[in-house]
Amino acid sequence: MMQEHLIKVTNVSKSFAGVQALKNIDLTIKRGEIRCLAGENGCGKSTLIKIISGAHVPDEGDIEINGKHYKRLHPIEAIREGIQVIYQDFSIFPNLTAAENIALNSELAKNRRFVNWKRVKSIAKEAIRKIDVNIDLDAKVENLSVADKQLIAISRALLQNAKLIIMDEPTTALTQKEVNALFKVVKSLQQKGISILFVSHKLDEVFDLAEKITILRNGQNVIDGDTSQFDKEKFVYYMTGRKISESHYELQQESNQCLLKVEKLSQKGSFYDISFDLYSGEILGITGLLGSGRTELAMALFGLNPADSGRIYVEDRLTEIKTVQDAIKNRIAYVPEDRLTEGLFLQQSIGRNIIISTVEKLLNKYKLIDSEKMNIQINHWVKELNIATPSTHLPVQALSGGNQQRVVLAKWLATNPKILILNGPTVGVDIGSKTDIHQIIRELAQQGVGVIVISDDIPELLHNCNRILIMRKGRIVGEFGGKSITEKELAHQLSAT
Amino acid sequence: MSVQINKQREIKSFERLKDLKAFHFIIEDSNLTRLFLIMIFIFVLMTAMKPELFPTIDNLSSMAFQFPEFGILAIAMMIAMLTGGIDLSIIGIANLSGILAALTMVKLIPEGSSFNHVMLVILLAMAVSALTGILCGLFNGFAVARIGIPPILTTLGTMQLFTGIAIVITKGTAVYGLPAQFSYIGNGTLWILPIPLMIFIVFAAIFTVILHKTSFGLKLYMMGTNPTASRFSGINNAVMLMKTYMMSGLLAAFSGLIIIARTNSAKADYGTSYTLQALLVAVMAGVNPNGGFGKVTGIVFAVLTLQFLSSGFNMLHFSNFFKDFVWGAVLLIVMVTNYIINHSKKKVSKNTNK
Amino acid sequence: MKKILSTNEFLVALIIIVLSIIIGSKNSVFFTAGNLIDLLRSGIVMGIFAIGVLIVIVSGGIDVSFTAIASFCMYTTTKVLNYYDFQGSVLIAFVLAGAMGLILGLINATFISFFKLPTLIVTLGTASMYSGFLLAFVGVREISNLPAGMSKFAKMNILKVTSENGVVSSLHFSILILIAVVIITWLLLRYTMLGRGIYAIGGDRVAAERAGFNITAIQFFIYGFVGLLSGIAGIVHTTLMRNSNPVNLLGMELIVIAAVVLGGARITGGHGTVLGTLLGLFLVIIMNNSLILLGVPSYWQRLVIGILILIGTGATAYRTMRSSRQLHRNSVG
């Protein structure tokens, strides 16, 4: 007799090097259920996923899948039981065609020695037909969009008789349209009786899609229940363990000092006719979907990829910004979107990461680095931004997401910027640090810095920006005061076509 | 209150990470210590086996003449590797610049020239050599930074190109007849210190300071660690790359000068095995082939270790080729030991904490 | 159609054709059967090496030890067979050298797979060890008196052409060995799971592991196979030269790698084809052998090869840099 639940995890604990990553976790997933697994970074979500997929062996507890009990679940067994994980990087091969990527794993699982290209193609065709999407199967995957790559990963999972598909933050890199398409696919999977475990901390998504929510905090299961039991406040409370007070940022006084004036800035294929002003003390939000040109605009302002035409005035002076060095000279700073690859030198020390953009100011009269000045500078910023670390000699990769972001901020604040551009300032940062970072941004603005926050985190924009620009298809299509628009309206504006 | 708890939690997660993650600084230094001990061990071993020959002034001084040309090439290789690249063309640069310097001297010093004239031409020849090295390096840097050819392919090509130019200039023959004053650079001593050794010490010192005490050095390490982040931090990667390859070329040119001074001739295909050996020294010294980590001290230890080994084997009447075998073996042993030790460190800390 | 025109293979083929026309118009000897046969003949050994290098580069590694392995195998085999005054077939020489090559290749694989050391460093180290061992313990003197089977094999030609002025060019039997190696490798890469695994590792190693490929086994295959091919190439080299020289193959490795890269294999792994490799190799051989026909002294060879490598890799690098910039612009939000 078939049980109602597909997988039942009972009392699972796991620790690494003496730190308890999971403690007495229970999790049951029914057939055809869509469940959301939420929690801040480091709460144990990924450890739990790894245990379910057999990549980690729990210290204690029981895993029951399809009525069979496992103390030690091997990855192969997990796959045989129909458990498929879709990782954030999708685990696909950029150098192979879409068809081969879809068919390869299942052919491998069948222990095939030889490749029959006709079969590969027909398997792939069948697989994408099942989820009713259209992908160029002969294209090399490196030339496909993120959404297509994800669909490839999903159809590949289905080929392996998936009964439970685990998706690790699947919407991070998708546009709203693509997210909608993905949700349609997920719902159709559900109708086929396939269960979905959906890892996310984006509220609207979770409420949109999931039937059940499980929230982890500090390795413990803090709540488990129907989506209908939750509201936003409750969700945040369980994730963080504290209530977040929300306030609006307001300009203290109208300033007439225009720090940055952009006129008709265009870059072919990215953005067109962008004009706006940024005044001292302002926090200006820029939002738009992925592909709206918001990141390209930021990169153009910072000299990483200069615009083709248009004018930039910094403090009323017409200025050419062709390189990052030009931008820094004009006291512009940029906290990039991807902290790990663009912002930090992971294996290098916290100290070196903080001073790298200001090292020229730390030289003595022989043009050599003055260690004393250097240490003063480093310690100043560690203290100023509350970076929690036992030593500044540790590599920055040892820090948590929130502290890493503070290091990136410290690097730029050390350059004493007049204009600070932050792209996704709190992506992948736990809610505690998020509040701190917002506080820092506000204080900077109050000191007269002009801040631009690029984000698709709607509450973040509403609470911290006194003005918000909306970009769509490379153009600015709207401007709102931070208080004059509600979350719903802004979300609607964002996804309108 | 909650902030405090948060912090404690973070500090705790540090301790965990400290055990788990390969901490480059600590590991880098412990690898260096190990290399130092290996060097001492080899020295002691050779002394024990040939007490009457190995630790003598004669032998020490002959070793001090042999390794500098090679040690300087290894430093050149190292700084290219710090960027995450490689420079296979160094011996090509050394030979080409050596040949141009030699030709300058041979052509401009007629028989019976005055001492002053000779010295002037020697200085000119050194300038020609240095300029050649810098230009070759600039060419490498340009191809890597502006055209985007992977360093290994760029320098593979320029190795052929520079050697090719040298062959075309000399039609494949050697250049002889360098002035005696010049060969002092390769064979002379100051008090008891061989000139090549002193040149090596000077360069090792200069590059230690450049790498650890200047903003260029800091930027070089950072760029080697993550070129994207360095671009986003306002470092001009292209300029950094070109400067680095120019330095590498300059070092190679000086090595070339020592070579022609020591052998009293210049040849296009001298020391073809030096390229791979310099790479071997750099890797053994703990220079990370992916960039960002490596120290001059490591180069000094590694190059001395290999010199002790080959001198010792010479005295033990092993074939010259046996040296190649041992060098290869030492490289692999060092790498495997580092791997095993760093690996078991992680494992032990995992188990003890359970 | 557009796809074919923009492939690297097409580009290299085009260069070869243009180059051939230029050389042929300067000197009509180029298009004579004799010259073409000489070109083929000089490509046999490098061809076998290049196929091995291709597989390694596709998997994301690099191997600089294959010439050392080849020298080791051919010289030791010759010496051993001579010592026993062996009169039998050349097959034994191939088996012996192949087996030795296989073992040396597997030693490479052990370091690469078990100790996770970078392939360049491992093969650099083992190359130094293999050739050092050979020269220190096996011998350094050239052997011109080959074992009976090998010298008989040396005379096995499948085609002989005598030109007007009486110069004889002959196509040696071992071209068939190259053809066999090419076909087997092509089938392997295209139609076996093992071959796809090699591409998969080169494309994304972690993903390959998750997909269930046995990385260790594949790496042992790759480096073992290269070792085997090197051993065979060594014997072919000896028979073509009609002597066994322990050093004259050393130093060829970088040219072979250059040829494979010119043929479109990416040094970062995951990309490369057998056809492209052969074309890249052919281009290098034409340049290597045709300077004299153009009236250029042979000491210009290195310089020309250097320029060829730089232009070839530069063109591809420049193209990918531009297209990735384009892609970057379009994909970043």
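All chains are identified by letter, namely A, B and C, in their written order; residue positions are counted from 1 within each chain.
Convention: a residue touches a chain if its C-beta (ideal position, glycine included) is under 8 Å from a C-beta of that chain, and two chains touch if they have at least 3 such contacts.
Everything quoted here is computed from the prediction, not taken from an experiment.
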item: Result of counting contacting C-beta pairs for A-C and B-C, higher pair; value: B-C
item: Furthest chain, CA centroid comparison against subunit C; value: A
item: Distance between chain centroids, defined by C-alpha means - subunit A, subunit C (Å); value: 45
item: Chain centre separation in whole Å, for subunit C relative to subunit B (CA means); value: 30
item: Of all residues in subunit B, those that touch subunit C in their complex; value: 88, 143, 147-150, 152-154, 156-165, 167-168, 171-172, 272, 276-277, 279-280, 283, 289, 318-329, 331-332, 335-336, 339-340
item: Residue ranges of subunit B in contact with subunit A within the complex; value: 2-3, 6-7, 9-14, 16-21, 23-25, 209, 213-215, 218-219, 221-222, 225-226, 228-236, 292-293, 349-350, 353-354
item: Subunit C - residues contacting subunit A, complex; value: 190-196, 199-200, 202-204, 206-208, 210-213, 270-271, 327, 329-333
item: Interfacial residue positions of subunit A with respect to subunit C in the complex; value: 76, 79, 87, 89, 91-96, 100, 104-105, 107-109, 112-115, 143, 145-146, 175, 267, 269-270, 288-296, 299, 305
item: Residue ranges of subunit A touching subunit B (in the complex, touch as defined); value: 15-19, 42, 218, 241-242, 304, 323-325, 327-328, 334, 336, 341-349, 352, 355-357, 359-360, 362-363, 367-369, 388-390, 393-395, 397-400, 403, 411, 432
